[in-house]
Structures are given as C-alpha cells and as structure tokens.
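Shared chain: chain A. Partners: chain B in the first complex, chain C in the second.
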Partner chain A sequence: MAQTEKWIKSFEHFSRKITDEKSFLNELDSAIGDGDHGSNLTRGVAAVNEKLEQQSYDNLSDLFKDIGMVLVSKVGGASGPLYGSAFISMAKQSKESDDISSLLSSGLDGITKRGKAETGEKTMVDVWAPAVDALKDGTLDQSVIDSALESTKDMKATKGRASYLGDRSIGHIDPGAQSSAYFFESLLEAGVTDE
Partner chain B sequence: MSKSYGVLLVSHVESVASGLKQLLDQVASDVTIRTAGGTEDGDVGTSFDLISETLESFEEDNVLCFYDLGSAKMNLDMATEMTEKNVEILNTAFIEGAYTTASLLQADVPLDNIKEQISKLVIKE
Partner chain C sequence: MKKIINQPDQVVGDMLNGLAYAYDSLVRRVPDTTVIARTLDPSGKVGLVSGGGSGHEPSHAGFVGKGMLSVAVAGQVFTSPTPDQILEGIKAADEGQGVFLVIKNYTGDVMNFDMAKELAELEDIEVDSIVVDDDIAVEDSTFSAGRRGVAGTVFMHKILGAAAESGASLKEIKALAEQVNNNLYSIGLALSPATNPEVGKPGFELEDNEIEFGIGIHGEPGYSRENLKPSKELAEEFVSKLKKEANWSSRDKFAVMVNGMGATPLMEQFVFMNDIRALLDDGEDLDLVYRKVGDYMTAIDMAGVSLTLLKIEDDKWIDYLNAPVEVIGW
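This part shows the complex of A and B:
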C-alpha cells in the first residue's frame, strides 16, 4: 500500500478513537484543564475527514499540509496549533524523506517549537518524545505508548492549562498525552510503521 | 489610521476582549484597537482564522498584540508567521500591558520607550 494510503488509514483510526473517546478525553481535561480536549479534537478530526473525502492525494506533503491547516483552523483549543504544527512540520519534512521516524521527529519539533514544552512537563510531548525515540530504533509498540502515557500521571504540570494547578495536577493522566497515545496507536494499527 | 501602530487584543472570551477594548478606547481614542475574542462559533477558545483575519484588517502595517492564555499565544504565533504585517506579540499581563501601551501610543511615545515601560509587566514567556 502506498504511504499516503497508509497515512489516510491511520488518520481514520485516529479520528474514530478521538470521536469514540470524546467524553473520556473531556473528563481527563476536566480534572486538570478546561474540559474540552475531546470536543475540540472531535470537531477538528471531523473537519479533516470532510476535507479528505473531497480530495485525493498522491504525495504526503499535500496530505499533511491539508490535515495541519484544517486542525489549526477548526480545533479551537491549544491542541489545534499543536497537532497542526506537527502536521505542517511533517509536510515540510516529507519533501526530503518519507521515512517514518524522520517524519515524526519533525512533527515533534513542530510541537515543541509551538508549545515550547520539553519532556517531563506533563504534556503531549511526554508521549511524542519516547514514541519518536522508539521509532528511531525500530522498537515502537503498544507497551512503549502505554508506559509513556502512564508516566504523565505522576508528573507535575509546568506547561499548559494544567500548570495553573501546580501540585494538584499530579495523579492525573494528561489529556494531550492520551490523545497522542491514540495517534501513535493508530500509526501502528494502520501499518504506517511497518517497513 | 492616525498612529503607526495598531493594537490587537486576543482573548478566549469575546466579551473579555471587547471589554478591554472599551477600557482602552477611553484613553487611546486615536489608536486603532481591534479584538479577536473566542472561537468563530462564539465559544470559549481562540481561533487562528479569526486572529489572522483581524490582523489583516488593520490599515496599519505594524500591530502590537496582547493575549490572555496559552492557545491565544500559539494561534497568534501562527498567524504572525503567515502575515506580511509587522507583528509584535507582547507577553505582558493582558489588561495592564495593553492599557499602558495604548495610553503611551496615544501620547506618541516611541515604541522602544513603551517596551521599556511595560517590561516590568511581562509575566508570560
């Protein structure tokens, strides 16, 4: 299967997970944020699906750029510019290489540049960074994603809306890390990570 | 357009942005002050599209931007990267920074002096 088809399939998996788990993501976000992560992302992925249905793609760059711009425009919360920047960075990188780890590594760069977050701050970066590292050495699997996600629970948020809660953010899974876990699971399921 | 700098206020809530504009208009009647508050549906949040459109709507080439919370900054950053305008995002306390700046723009104080004066109001990175 062509890379573009695999990525589209992966995005379908991601959309379904986000939409199915909308309430759960909102619930996670209610504990430490403003409670709309699930609703915001669901709105975003629905708009992306609408766009993908109208267009056909013969290269990753156009696909990523469209996904990124729609997410930026439609999501409404911080996750819009963050996921959007990831895809826009990947759109640029895909002109150089369609290697999965180099693509997602530039996606991570897009997120850290936009959100100015580092690992250990209880954000989506805490799933993206270990997942990208594992991709680089070919060891990404469900257990890597699960343990990265779980690690956000004991972290104290120092970036994002949860940081206003300080120590009270400890003990909760970060909602952006949860949606990022769905993102990487979708890549595995759609076979994007297969050689 | 009677000053070289316009002021853009970005908030998660439309009425917060428009309320702040009301406050600023009182001391800076000759300064163009525009708002991008809330999402396009009027919900709580910020909108890249709304921010971009509002930036483009300024006659001024130079726009000083103030914002409330996280995603407002990220959407502002993205809009700034995509516009031809000369945009500066100020990381001050939203109300105090915008109010001081608007007052000083009205009095034709040069930007460098304004920035020096509001530097102690910087509370965001």
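This part shows the complex of A and C:
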C-alpha cells in the first residue's frame, strides 16, 4: 500500500477513536481544563473527513497540509493550533523524506514550537516525545504509548489551562496526551509504522 | 440543561445573526465568518480587533462600533476563534494604518491570534498586539500559563478605542496598551457554575452555601472555597487581595468596575458596589474617578461578580473612558 493510503487509513482510525471517545475526552478535560477537548477534536476530524472524501492525494505533503489547515481552522482552542502545526510541519518535512520517524519528529517540533512546552509539563508532548523516540529505535508499540500516557497522571501541569490547578492537576491523565495516544495507536493499526 | 437554544453546536452562528439583525445600524456580520464588524464608513485610522470564545456577551461583539472596537471575532463557546477567522477580522479592520489585536491571556487565544498575525503579515498588513493579563487570582510564575485576561479587558477596549478614534498611531496604541495592562487588576468569585451548551452540564460543582474566590471566566479554578458571606465581607476579601498588588496610597486615582458573571442580578451588583465604595472611597481614601457596574465580561450563566481596578497613570485615560461611543454593550 502506498504511504498516502496508509496515512489516510490511519487518520480514519484516529477520527473514529476521537468520535467514539468524545465524551471520555470531555470528561478528562473537565477534571483539569474546560471540558471540551472531545467536542472540539470531533468537530475537527469530521471536517477533515469531509475534505479527504472530496480530494485524492498522490503525495504526503498535500495530504498533511490539508489535514493541518482544516484542523487549525475547525478545532479552535489550543488543540487546533497544536495538532494543526504538527501536520503543517510534517507537510514541509515530507518534501525531504517520507521516513516515518523523521516525519513525526518534525511534527513534534511543530507542536513544541507553537506551544513552547517541554516534556514533563503534562501536555501532549509527553506522549509525542517518547513515541517519536521509540519510532527512531523501531520500538514503538502499544506498551510505549500506554506508559507514556500513564506517566502524565503523576505530573503537575505547568502549561495550558490545567496549570491554574497547580498540585490539584496531579492524579489526572492529560486529555491532550490521551488524544495523542489515539493518534499513535492509529498509526500502528494502519501499518504506517511498518517498513 | 435548560436553555433557549436550537442545536447546541449552532448557538454561536444563531447568536451572531440575531445580534447583527437587532443592531444593524451599528454592526454587520461579515458573510461566512464569525466576524462582527462596525458599519461605519472607513475612518483611515488604526483598526482595533478583539475576540475570544463566545459565552462572555456582551464581550466582544457588544463593544464594536464608533469609539471602541472595529471588529470582534467570535469563537465557539469558551473556545478561541481560529486563525482563519481572526485573519478575516484583521482584513475587515484594516484601513491601511495597521491593526491592533487585544488578546486575553489564555493558551488557546494566544496561539490562534499569533498564527493569525503571521498570516496577516504575509498579506502585508501591519499587526501589533497586547496580551491582557489582569487576573490577580493566578500567581504569575513560570509554573503556570500566567495571569488570565478577564474583565479588565473591557477597560482596555474602551481606552484603546478612544485613542484609535482620536487618531493615535499603531505604535502609540501599543505603548498605551502596555501601560494600561501594567496598571490593570481584576479578581472574581463564583456562587454557581456555568453550563456550556455544547457540554451540557456545569463546568464544576459548588455546594449550595459555597462560593469560590479567584474563579476564571470559563470556570477555571480559583484559590479558595468558602461558605457564602455577606457582600461586605466578600468585598473585603477582594480589596485586601487587590491592595497587595496595586500598592495604592491615599488619593490615588482609579477607575473601578463591578462586573456581573452572567446570572447575578444588577440588584446584587449594586449592593456589592456600595460595599466597594465604603472600603475604597471612605476607607482607603482612593479617588474613584470612573465607576461602572453591569454585565460586561460574563461566563454564560455563572453567578458571581468580579472587581476590576485600573490605576490612572495619565489623566488622559479618564477622558478616554468618558469619550462617547456608539456600541451595544458599554
């Protein structure tokens, strides 16, 4: 299967997970944010699906750029610019290489540049960074994703809306880390990570 | 949830259409966007753009018109507008003298407005901005997203709007905005939570007799939960917190705003203002040169109030606050 097809399949998995788990993501966000992470992402992936149905793609760059622009314009909040910047950054990188770890590594750069977050701040970066590291070593599997996600539970938020809670943010999974976990699970399921 | 709505995800569009229809002499909705722009003829002055999540009405569209904002960009409820919409707003406000953005300090707002600014610069529109962070309930430290932008933003709109109307340049407006922001202090409390129509249930829970000090305008947590007290004691808590930040002395000039959070009647807001007067005017001997009470920066149906103080560094600010405007919500 061509890379573009695998990525489209992966995005289908991602949208299904987001849509199915919309209430769960909202619930995670209610605990430490404003309770709409699931609703906002669901609106975004629905708009991406509509776009992908109308369009056909023969290269990753166009695909990523469209996904990124739709997410930026439909999701809102902080998640829109963050997921959007990841895809726009991957769109640029895909002109150099379609190697999965270099793509996702530039996606991570897009997120950290936009959000100015580092690891350990209880954000989506805490899933993205270990997942990208594992991709580089060829060791990304479900257990890597699970433990990265779980690690956000004991962290204290110092970025985003959850940071207003200080110590009270400890004990909750970060909603952006959860949606990012769905994103990497979808890559595994669609075989994007298979060489 | 009991609300006068149709589809929860259509609330923002329906609201903007109703607003633009009711006040069509003042504002118009830019087609296919969530942008509310004023109907005035071009003035050749700096454009002033604000915006943010919906649910804070009359902010922000209620301040669009002569003497205040050129344009307001609405996001989904409690969610920042997106860069493409903000870009449309910037274009609608641009009259060749540059566009100034008023952003409240929330992670999402800052990122989306920054992206919009980058896009506008690609189209050769000169853009500058201020990030308002007046909420003193939050410690300003590197361990948080910093102080939030709340009701003080409305004073920012009024002062910058009057300055832009009087022909101030983009550079002058930027300098003024920074000076105002450095002298702006707000603090809020909630008696009951807000329900976002898209979420369908209250954003947090409070017991019947419980209040929360330091709450944010989307129900972000405050600094303490206590039993309900008489208005006078609530006012004392606010004033003691504000005094630590504003370091005032007798006869210092201040503008003061008691702001309703959405579900608190004006009756209670005036009672609260009366207690603020006793503490600040009689007690601290401050010169409260400008006073305002009402719903300006709400949180949907949250019950509660916030208090904003602006230390007047320059008497011109008093003129700016008093300058006439033609807007829905001032």
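Just so it is clear, the second predicted complex is superposed on the first by the 195 of 195 C-alpha atoms of A that agree within 3 Å, B and C clash if a C-alpha of one lies under 4 Å from a C-alpha of the other, contacts with A are read in each partner's own complex, and residues count from 1 in each chain.
Following the convention adopted for this analysis, contacts are C-beta pairs under 8 Å (C-beta built on N, C-alpha and C of every residue); 3 or more make two chains touch, one makes a residue touch a chain.
Only a predicted model underlies this, so the values are computations on that prediction, with no experimental measurement involved.
*Asks:* Following superposition onto chain A, is the placement of chain B relative to chain C best described as a clash or a fit?
*Replies:* Clash - chain B and chain C, as placed by superposing on chain A, overlap.
*Asks:* Looking at A:L165 after the superposition, I want to know if it touches chain B, chain C, both of them or none. Which is it: first, second, both, neither?
*Replies:* second
*Asks:* With both complexes overlaid on chain A, does A:G115 touch chain B (first), chain C (second), both or neither?
*Replies:* A:G115 contacts both chain B and chain C.
*Asks:* Quick check on the superposed pair: does A:G76 touch chain B, chain C, both, or neither? Answer first, second, both or neither.
*Replies:* Both partners, chain B and chain C.
*Asks:* Going by the touch definition up top, name the partner, chain B or chain C, that contacts more of chain A.
*Replies:* On the superposition, C touches more of the residues of chain A.
*Asks:* Considering only touches as defined above, state whether A:D34 meets chain B (first), chain C (second), both or neither.
*Replies:* In the superposed model, A:D34 contacts both chain B and chain C.
*Asks:* Given 168-176, 186-194 or 276-284, which one is the stretch of chain C whose C-alpha atoms run into chain B?
*Replies:* 168-176
*Asks:* Where on chain A do the contacts from chain B and from chain C line up?
*Replies:* The overlap between the chain B and chain C interfaces on chain A comprises residues 34, 36, 40, 72-73, 76-78, 80-82, 114-115, 160-161.
*Asks:* List the residues on chain A that touch chain C in their complex, please.
*Replies:* Residues 26, 30, 34-36, 39-40, 43, 72-82, 114-115, 158-161, 163-166, 168 of chain A touch chain C in their complex.
*Asks:* Tell me, which parts of chain B touch chain A in their complex?
*Replies:* The touching residues are 39, 43-49, 69-71, 74-75, 77-78, 125.
*Asks:* Okay, in this complex, where on chain A does chain B touch?
*Replies:* It comes out as residues 34, 36, 40, 72-73, 76-78, 80-82, 84-85, 114-116, 160-161.
*Asks:* Enumerate the contact residues on chain C facing chain A in the complex.
*Replies:* Interface residues on chain C, with respect to chain A: 9, 53, 75-85, 106-108, 111-112, 115, 138, 142-145, 148, 196, 198-199, 203, 216, 218-221.
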